[in-house]
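Given below, in the form of structure tokens, are the structures.
The following pair of complexes shares a single chain, chain A, combined with chain B in the former and chain C in the latter.
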Partner chain A sequence: MAERLSILIAEDNAADRMLLSTIVSRQGHRVLTASNGLEAVALFEQERPQLVLMDALMPIMDGFEAARRIKQVAGEELVPIIFLTSLTEGEALVRCLEAGGDDFLAKPYNRVILEAKIKAMDRLRRLQDTVLQQRDLIAMHNEHLLTEQRVAKAVFDKVTHSGCLDAPNIRYLQSPYAVFNGDLLLAAFKPSGGMHVLLGDFTGHGLPAAIGAMPLAEVFYGMTAKGYSLAEVLREINAKLKRILPVGVFCCATVLNISFQRQVVEVWNGGLPDGYLLRGSGERLPLVSRHLPLGVLEPAAFNDKYEVYPLALGDRVFLLSDGVLETCNKLGELFGEERLLEVIAANRHLPALFTEIQQALTHFSGEQQDDVSLLEVSLVDDAELSRPPLAFADNGQSHSLDWSASFEFRGETLRHFNPLPFLLQLLLEVQGLRPQGGALFSVLAELYSNALEHGVLGLDSALKANAEGFAEYYRQRSVRLAALTDGFVRFHLQLLPEGAGGRLIVRVEDSGSGFDPQQVPVEPRDAHSLSGRGLALVRQLSERCSWGDGEPGVRVEFSWLPGA
Partner chain B sequence: MEDEYPVLLDTFLIDSEERLLVLRQAEQAADAQSLRLAAHSFKGSCSNMGAPMLAGLCKQLEEAGRREQLEQAPELVEQIEREFAIVRILLKSERQRYRH
Partner chain C sequence: MAITSLPSSDGQELTILIQGRFDFGAHQEFRNAYERVNSTPQRYVVDLKDTTYLDSSALGMLLLLRDHAGGDSAQIRLLNCNPDVRKILAISNFEQLFKIA
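Here is the complex of A and B:
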């Protein structure tokens, strides 16, 4: 038998009431009886029965009014009301339904039909009950999910906003909840003053898509701040994502390394739509994906090869997520690459392009976009950027002042290892040098790349005079570096106390052009091509810069005063 | 129904006598609405108690009340009283069988 129900019988006729309550209690239910509508409503409020058998015509308050009141008291819960009636006119039956009745039972009563109707109504009642429970459960889960997303977003904002997306050379369009679409936008200054920028798009939506963004951002910011190169940051991100993300979750990304001093941009695109390098001259270069997304390949198979382009002031790099091309209009058509290129082609004033693309998207779809990420980075004059001081994890109290050390990095190491972050970390243990950390890094980076590219690899910087030569230069660089087995770059570091302050002397020497002792260049050795922009930069940023004096290599000095 | 059956019979007989009284009063007062309601209610319990002739007469009276054709009422009330007298005799003898 079905569950024992509590059933209210409202019937003014004593004999009928008795007959019915006997039948119903024989069927195993608990019976409450009322002899008019008013009694029925009062009894309902007091006992909350699950089902009501209601006579239509009763003195004091009829069944129609009682049904209306009971339904009101019951609220969302379904309390089935079966009208007991010998009414035969259609109109009267309609009144029963309109008052909230769910079914009828005609006199004379039939035990079998009554039982079947009670069972049917009980099923309906449970169904409604289940629906309500599930609705409440869904509402609770949804509330819970939103709370989790708020917390996750707050944590994530703390991490992402540690970067420099608000720098004056960056414009971007991104929904505040983009991280839950899997979109990610990061930018950070390097110690040298350059900038790493990453636009990423994780597979999937919601928390699973957002989860990979945290370790990615940590690696990106952590390594960029320590002076690691673009290739090293990419390798580490790829290895980390590969290790922690499940198969099928990965991150399409374009990563830029912009040097304002050297006026070049390095670009690596794995799986994002073409970005564009737009020049003030009107030239448009697509930045094409040449790699698999981050987190797909094993570290050994990962390719960190990037392209290098010279930049001029006012040149702009545009990056975009899938969401831009996949923006739909009301007909279900995609915005697509062709429309984007039309907008770019129609542009007459480069600084307005970002807004023009934004407007074209809104116009096309007829609404604001919330799954679109669009980024513009421009080359500005170095002086326009205000950089935050370098951040340090320790309090800098323990520092030593009187020591010297020499490092020699040889062939195999030069191919795979970037010694700059290592050296910088070591030198920035000296608290007095910290305020000059950026300059120190830039100078070391310039001296190192001079020693490596011109000294060890024997590249000719005259190549970089035009765009084709520029590409050729970087092609030769990677070919020669890959074949490198010999040669060295040496760093000699010397720290001296000077009054209450101190002095750092750095000398950088290398194994010379092609290791051929016969081919000693006429230029002061090791200063090879430290000319033009590179030399000017080193001279400007260090206190003293010299070569010769019976010593191999280039010598630079930095000093500081107490309390600096 | 065994234990409750005699009680049900008693309840019906007592209730029915009250309803006949109400019917008679409504007929004499020429109150069509009261006549209709009382006839309707009596009809329901008569059908439940297995008195179809009585239920049929009540239905005619209810109809007459609804149409406000009160000229038929005295005749119908009298027929109902006669039919109920028969039903009462039958139910009382039924009732005897359960007196232990």
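Here is the complex of A and C:
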């Protein structure tokens, strides 16, 4: 049995009205009656019946006008109107439908057909009802989802954009359209003044893709700020993603470690399309993916091997997500690597390239890109970068001023462990040293790599005279380091109160034959030289720097005044 | 996109054939292809000869299969990769995890 409906019958002929009322109420429906269009509209507004049987020709207001008004009042709700008509010519029937009628019934009335039509119209009415309900539900869910995403996006942006993407040597393009697209751009200064930069692309889109970005960014910023090396940051990110992400979700990424002082870049690419190192000279080196993406391999199987390239002022590194190559045009063709290389080859002025690539993409696809990440990092003079001071989490009350400590890191440890973050943490417990934290870290880093590379590993900087030798130097470094079993690097730290301020004396020695001060140039040999910057830098950044004097190793001093 | 799986006569090997685009839309079907089989294969073959496109979600699905097939001890071959598919697999260095032919 169908649901009981309330049905309005508008018919000026009393006999017909009576007949219809009887038929309809016998079918179990509630009947309302009107004898002209105006009455019908008024009754409709008052009682909101679900279905209307409407005579076409009536006095005062005819059925066509009444139907139009009722449909207007009904709005989105479907109130089926069945026209009752003795009209037979096609044009009149069309008028019924045009006025908003849904069907018509010819006089004289047939009980069976009327019942069937009411049922059919009721089905339509319910269908419309269901559609409207579901539409509203979807709209509500969507609204809800967008609100959640906006909030999540605000948190996401806080975490991922807390670095130095706005530094003057970085340009980037990241889709502003999708709330989340799984792409991730991170950049942060190292305590030594260099920079770690990451372009990542998580599998999938939307929230699942963005979730992994949060822990990744935390590790990246946290460890970079503490002075951990690129390899250590990568290992930790990989281990963390592997631990928390479901199988099948991972992050393709290219990570750069740029040293402005040493003028080198270290590159690790796992799963992203080739990036490019573009030199002022016009040379183009592809930065090829040599690893599985982050979050795929178990920590023990992870490979943190990176490539090292010398950089000159104005050299640029371009990184891109696969969205760039997969940009589609109207014909469904992909932009592809070849077109990108053509744009790069056509470039005559390196600083304009970033814009040229952007324009080529827009021109190719005919619209703004919504799934593209593009990043350019250039080597600039250190002085052009304004670095934020190191951040500290304590309340600034600690005063430890008078102590000394010595550390010896031996072969096995040197292979796997980077002592610098540990030493820096220790030294920055001393408040007075904090304003010099960056310089202190740079000096320790230079002295450590000098002791390790030349003293313990016996590498010869002379190798770095040209680009091939440069690569060879870093190849030998990793081979010798992997095979290292003995040797040591010692750090002697001594803190002395001095007036109300203090002084730090650091001496670094190693198991090597000791270096020959005669060989140490006072200044870098020349601006284009690929080596010899290290000790010059130490001299520049520390208050005093000396060697010999009956002590092994190099000695540097830093002092500070009260209130510094 | 259609995915069919065919066990070898001795049940030792399962061949999964992927036609058309291999992307997130294939997720459930791809899982069904190796989870809803009666045999317990020792080896898997993913035949990509009719695969026109493969995206990073597909790489994720391959990792899921690898996990299902025993992780590091899984024996999975990816066969008949066209140059585009091969390039995507190469960028991700998946040859370290799968035999690619």
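Basically, the second predicted complex is superposed on the first by the 542 of 564 C-alpha atoms of A that agree within 3 Å, B and C clash if a C-alpha of one lies under 4 Å from a C-alpha of the other, contacts with A are read in each partner's own complex, and residues count from 1 in each chain.
The rule is simple: a contact is a pair of C-beta atoms (placed from the backbone, for glycine too) under 8 Å apart; a residue touches a chain by one contact, two chains touch by 3 or more.
These numbers come from a predicted model, not from an experiment.
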{"item": "Overlay on chain A: chain C relative to chain B, clash or fit", "value": "fit"}
{"item": "Partner chain in contact with A:Arg539 - chain B first, chain C second, else both or neither", "value": "neither"}
{"item": "Touching partner for A:Arg290 - first (chain B), second (chain C), both, neither", "value": "second"}
{"item": "First (chain B), second (chain C), both or neither touched by A:Ser86", "value": "first"}
{"item": "Vertex chain A, arms to chain B and chain C (CA centres, degrees, nearest 10)", "value": "80"}
{"item": "Touched partner set for A:Gly204, first chain B, second chain C, both or neither", "value": "second"}
{"item": "Contacts of A:Ala15 with chain B and chain C, given as first, second, both or neither", "value": "first"}
{"item": "Which of chain B and chain C A:Val247 touches, first, second, both or neither", "value": "second"}
{"item": "First, second, both or neither for A:Lys119, with chain B first and chain C second", "value": "neither"}
{"item": "Closest Cα approach, chain C to chain B, once both complexes are overlaid on chain A (Å)", "value": "60"}
{"item": "Contact residues of chain A, present in both the chain B and the chain C interface", "value": "none"}
{"item": "Chain B - residues contacting chain A, complex", "value": "1, 4, 7-8, 11-12, 14-16, 37, 40-41, 43-45, 47-50"}
{"item": "Chain C-facing residues of chain A, complex", "value": "201, 203-204, 247-250, 252, 270-273, 289-293, 296, 298, 322"}
{"item": "List of chain A residues in touch with chain B within their complex", "value": "12-16, 18-19, 22, 26, 57, 84, 86, 107-109"}
{"item": "Residues on chain C engaged by chain A in the complex (per definition of touch)", "value": "24, 56-57, 59-61, 63-64, 67, 72, 90-94, 96-97"}
